[in-house]
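The following pair of complexes shares a single chain, chain A, combined with chain B in the former and chain C in the latter.
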Partner chain A sequence: MDYSKKIQEIASKLFADNKINYFVGYKQNSFDDSQVPFLITDPAEIPKLVFTDRSVFNLANYLKPDHTKRKRVGLVVKGCDSRALNLMLTESQVKRENIYIIGICCEGVLNEKGEKAQNCVECVMPDPVVYDEMIGSPTGKREYTINADIRELATKALEERADYFESIFENCIRCNACRHSCPLCYCAKCCIDQETSTLYHGANTSSGAMHALMTWSLHLAGRCVDCRNCEKACPSHLPLHLLHKQNESVIYENFQQHLAGMEKDDRGAFYKYSLSDPDDFIL
Partner chain B sequence: MARVGVFVCFCGANIAGVIDVPAVVQEAKKIKEVKISIEYKYLCSDPGQQIIREAIVQNRLTSVVVAACSPRMHEKTFRKALLDAGMNPYLLEIANIREHSSWVHQKDKKAATEKASDLIRMAVAKSIANEQLHEISVPVTKRALVIGGGIAGIQAALDIADARIPVTLVEKSPSIGGRMAQLDETFPTLDCSQCILTPKMVDVASHPYIELIPYSEVIELQGYVGNYKAKIKKKASYVDFSSCTGCGACTQKCPVKVPNEFNMNIDKRKAIYTPFPQAVPNKPVIDAEHCTMLLKGKCGICAKVCEKGSINFKMVDEVIEREIGAVVIATGYDLWDPKPYEEYGVGRYKDIITSLEFERMVSASGPTNGVPVRPSDGKVPKNVVFIKCIGSRDEAKGIEYCSKICCMYTAKHAILLHHKVPDSHAYIFYMDIRAAGKGYEEFVKRAQVETAATYLRGRVSKIYKKGDKLMVRGEDAQIGQVVEVEADLVVLATAVIAPKDNPALARLLGVSYDKYGYISEAHPKLRPVETAKAGIFLAGCTQAPKDIPDTVAQASACAAKVCGLFAGDTMKKDPMISTINNEFCSGCLNCIKVCPYQAIVTEEIPLGHGSKEIRTVAKINEGVCQGCGSCVAICRSMAISLAGFTDPQIINEIVAI
Partner chain C sequence: METEVKETQGKIFSAENPGITAPTDWQPVIMGILCNWCSYAGSDLTGTSRIQYPPNIRIIRVPCSSRVDPWFIIKSLQTTADGVLISGCHPGDCHYISGNYYARRRFLVTKKLLNFIGYHENRIQFSWVSAAEGPKFAKVVAKVTEDIKKLGPLHRYKKENF
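Here is the complex of A and B:
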């Protein structure tokens, strides 16, 4: 999977036609074979744009907050990234007319060990769900499987499982990188930072971290698209996907096989209020 | 430093019979902010409130906890006590130790006592974080909208208008009157329905404070109590009501015949028609589905014969707007279609009819001039079988509830049959006879004695045809035997059901409805004429099956509520509502999706201080918000706060246990 040339062509054209002010893509790192997100305003930098199975990050994160409300942006998204973007659109965080989406039919990206990443092995939708221009050939939606780690956890005793999650909370340093790297954590002022939220205070205590991370994961329940941007950002290398995948599997089973961001205007399992809901409980 | 007073109520034996009240009082004394903790037999009584008032002043209390019954019962009472003692009433907190403890834990007195102490601890902790709140005052538009012109809507409109409050009455069909206009004589006194109804209909038409808008429907309602804006769609009638004199030349000459729904399709009406002779307004409308001029451009006879030139085939639907302060829903009921009763041969045998069809036949102005006849051959029936509870109390085929009126009108039908066909005989299959009501049992007795009708307790299992008769096979549970009755005519007392448009109307108005489609009242006992949405009331069968006396009583109660609402120029509103801190709002608009009262709108604010760029955030209309808290729960950014239930208050409560 190397779409670098194709992306450079599209970016040049977008700048030439004055369709965008920014372009957000990937650039080769100078010290190893990994890549970093790359935001350009100057067409002269276009040749540095790349896209391969090392283009791991979710670039939708760079649309928050309110960037596209004023500027027009060209953006590269993979399947999972496009689902997050879909949610951002539904939740009025970006203006559709201000983004030009280059959707990649993704073949999976690699982890640090050079193997196919776990989320890519389990990916339900490698094709872009929202785009202006598509690269590659779509292979369609795939069957949902419960995450391997969650399946394994389920076989363990309750205490052991609790310990597992506890180890996440204990080792968290409350740097908030996870939140900042998630495209869906765009809040004007995160609840965790609010003065009144006494539950999250006690900076580095594991109880403070537990409340913060549990709240965070619940705010992403039914919304998380498993791009694992958060996990990549975590300096403590915590397996944050466990929190999200646990929620996802429960939601999948109980909310009509709901998967986040697949459809336009879907706000996620917890945010649906249907007029056909039985309405006899308000007294 | 907070100074809290705790007052624990015995509620006679209701609380003290289970909970060790003195122990609870002692336990509360241990809380450091509690300055006084006392018990009393009935705190809601005047001496009880006096104790609270005195303690507030003497101990300079900063908040008050009353441990007693549900806040739904006496929150208002105790708030008033605080106010009288010069304290902000919202510094009160109720610990519900009756419904939440003594009543539900009667068997475990120790645990109930401990739970009561916990509840008090929580209430004390919350009360410390309570803030002074002040009632909101909103202006009112003094005009009521009544939806539905049956007897419920008519009565409500007349009573409100008599108090000199303008009313807009919107009726879906061409005439007001509703089902009552279709009835012959009415139980329990057998007075003629039309004779008591039509004077009221005429009053509606001539009342200076009533604006009658027939052949129309409400399509939109926005705003909040005291300040609603309604959009009303006037369906095209193709007749200019202002010039039409109601002479009827058009209806006479129209060549198109259509089944007459007012007469339960027993006879025919024309494509241009007035539903019945006493209709109000007494002006015809053109049924666009059948008029050949409108369908194919052929005919136009009515226009030719109309001397006033009132017919206008180019008329279109019109939408008008009214500003109103209150709404009365009075959309009445429908009747259940007995088609699922296949074993009775419903649909196959012509001589099985419904009660309302029978009602139309025995009506002097009805399609058969007051004589019941068999639809199959037009002969007058001698043996008539009435079957009650068709669809009612029938979970398998119909609905679970009792339709309430069928026992009574079936007894009435036995009498009417006896009057019209003296040598006839009525057989009535029933499950129970439910005749609770003033003069009702006597009325049923009268039917039994006067007509010698045979009452058979049991279900009918099958009806089949034998020659030109219908054989009704059922069970007589009293003798435990199968009986067969040879009938000329079978009358089914079909269940009363909610109008099928009720759910759509409820959604449009923002009120709730139950699983059957009836509009829900705010409280089944204590607020039976209000909906959960402030300023919207309900009357008649739109709430549940009812007879005319109950319908009229409820309609008058609605009128009293509307008059009460409009008593001042402004209205007081509970301050326990939500507000959005727009600095924290990220504009995801999830709150708008979940608000059941459509209280949230968007607002554009500057991106930053002095910035020309804007961002969109959510904003709550304080007049509409009912303080349900749905938006608070959904907002990830914690931008929304519900007065009286703020995060610090709730967290205090949680920490206290």
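Here is the complex of A and C:
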């Protein structure tokens, strides 16, 4: 999967037609074979744009702080990124007429070990769901499988799980990179920071991290698209997908097999209801 | 998934963290979040009908059960509470027509996630109590208090020196 040439062509055409003010893509890192997000305002930099199976980041995140209000942006999205973008559009965070979307029919990206990433193995929708131009040939929706780590953890006893998660939360340094790197976490004032300082909430303790990460993951329940931008941003390499995948599996099993951002105008599982939702856990 | 709580030598063991104990005269603190239109009025009726219920519950009134952000539950468990009880109107009776249907979805996911990271499922409980169900409210509070007493004090993920 090397679409660098095609993306460069499209980008130069967009700049030539004056359709965009800037373009968001990927650039090769100078020190190894990984890539970094790359924002261009000058067409002279177009030859630096690349797209391969190392283009792991979710570029929809760069549309977050009101960028599309006055500027027109071109960007590259993979299947999962386009689902996040779809939700951002429905939630009025992005102006559709101000973005030009290049959708990639994704063949999966690699993790840091050079293997196919876990979310790509379990990917339900590798094709873009919203795009202006599509690259590659669509392969269609795939069957949903419950995450392998979740299945394994579910067999463990309560105390074992508690110990495991406590050891995970202990390593969180409360840098909030997970929140900032998620395209769907865009609140101007986040409730995790509210009232008092982060320090007061117990920075660097498993308690403070539990408070923040639980709140965060439940705000993304029914909306998270499993792009794992958060996990890639985490400096402590915490397995944040465990929280999101757990929510996703509960939602999939109980709420009409809902998966976030798959259709236009889908607002996430918590913005709708069914009279037959499970209620046996309520006294 | 069930864990047994042992009670030996005048000490109660915490379900999620059996290494930590508390004296046997320990009383749980339960955070009660009740919707204004049904459950809060129901709890009021319990009081005016002179029905006894355990005093362990600390009640907060919210406009609707769908006002309850999972954050409230997490914050309670992180700070003082040993358990949380959230109560709203019966399905179909919501003052705002469908608030409790939305809430119901969130509650299920919250409960499952908190159980997943190591909270016993009985620490987070939900009920539907209407404004006419004073006796039911007393029964629910008694049951939840009993459940949480069995689980012992909550130490896991508690914020220290609060």
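The rule is short, and it goes like this: the second predicted complex is superposed on the first by the 267 of 283 C-alpha atoms of A that agree within 3 Å, B and C clash if a C-alpha of one lies under 4 Å from a C-alpha of the other, contacts with A are read in each partner's own complex, and residues count from 1 in each chain.
Convention: a residue touches a chain if its C-beta (ideal position, glycine included) is under 8 Å from a C-beta of that chain, and two chains touch if they have at least 3 such contacts.
Please read all numbers here as calculations on a predicted model, not as lab measurements.
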Which of chain B and chain C A:C191 touches, first, second, both or neither: both
First, second, both or neither for A:I251, with chain B first and chain C second: second
Most chain A residues touched (candidates chain B, chain C): C
Chain B versus chain C as contact partner of A:V121, first or second or both or neither: neither
First (chain B), second (chain C), both or neither touched by A:V36: neither
Chain B versus chain C as contact partner of A:R267, first or second or both or neither: first
Partner chain in contact with A:R70 - chain B first, chain C second, else both or neither: first
Which superposed partner A:A148 touches (first chain B, second chain C, both, neither): neither
Which of chain B and chain C A:E91 touches, first, second, both or neither: first
Intersection of the chain A residues that touch chain B with those that touch chain C: 191, 219, 270-271, 273, 275, 278-279, 282-283
Parts of chain A lying in touch with chain C, wherever the complex brings them together: 153-154, 157-159, 161-166, 169, 191, 201-202, 205-208, 210-211, 214-215, 217-219, 221-222, 243, 246-247, 250-251, 254-255, 269-271, 273-275, 277-279, 281-283
Sites on chain C touched by chain A in the complex: 1, 3, 15-18, 69-71, 74-75, 78, 91, 98, 101-102, 104-120, 125-128, 140, 143-144, 156-160
Chain B partner contacts - residues on chain A that touch it in the complex: 65-66, 69-70, 91-93, 186-191, 194, 196-199, 219, 267, 270-273, 275, 278-280, 282-283
Chain A contact footprint on chain B (complex, rising order): 507, 512-515, 520, 522-523, 532, 583-590, 593-594, 596, 607, 613, 615-616, 628, 630, 634, 636-639, 647-648, 651
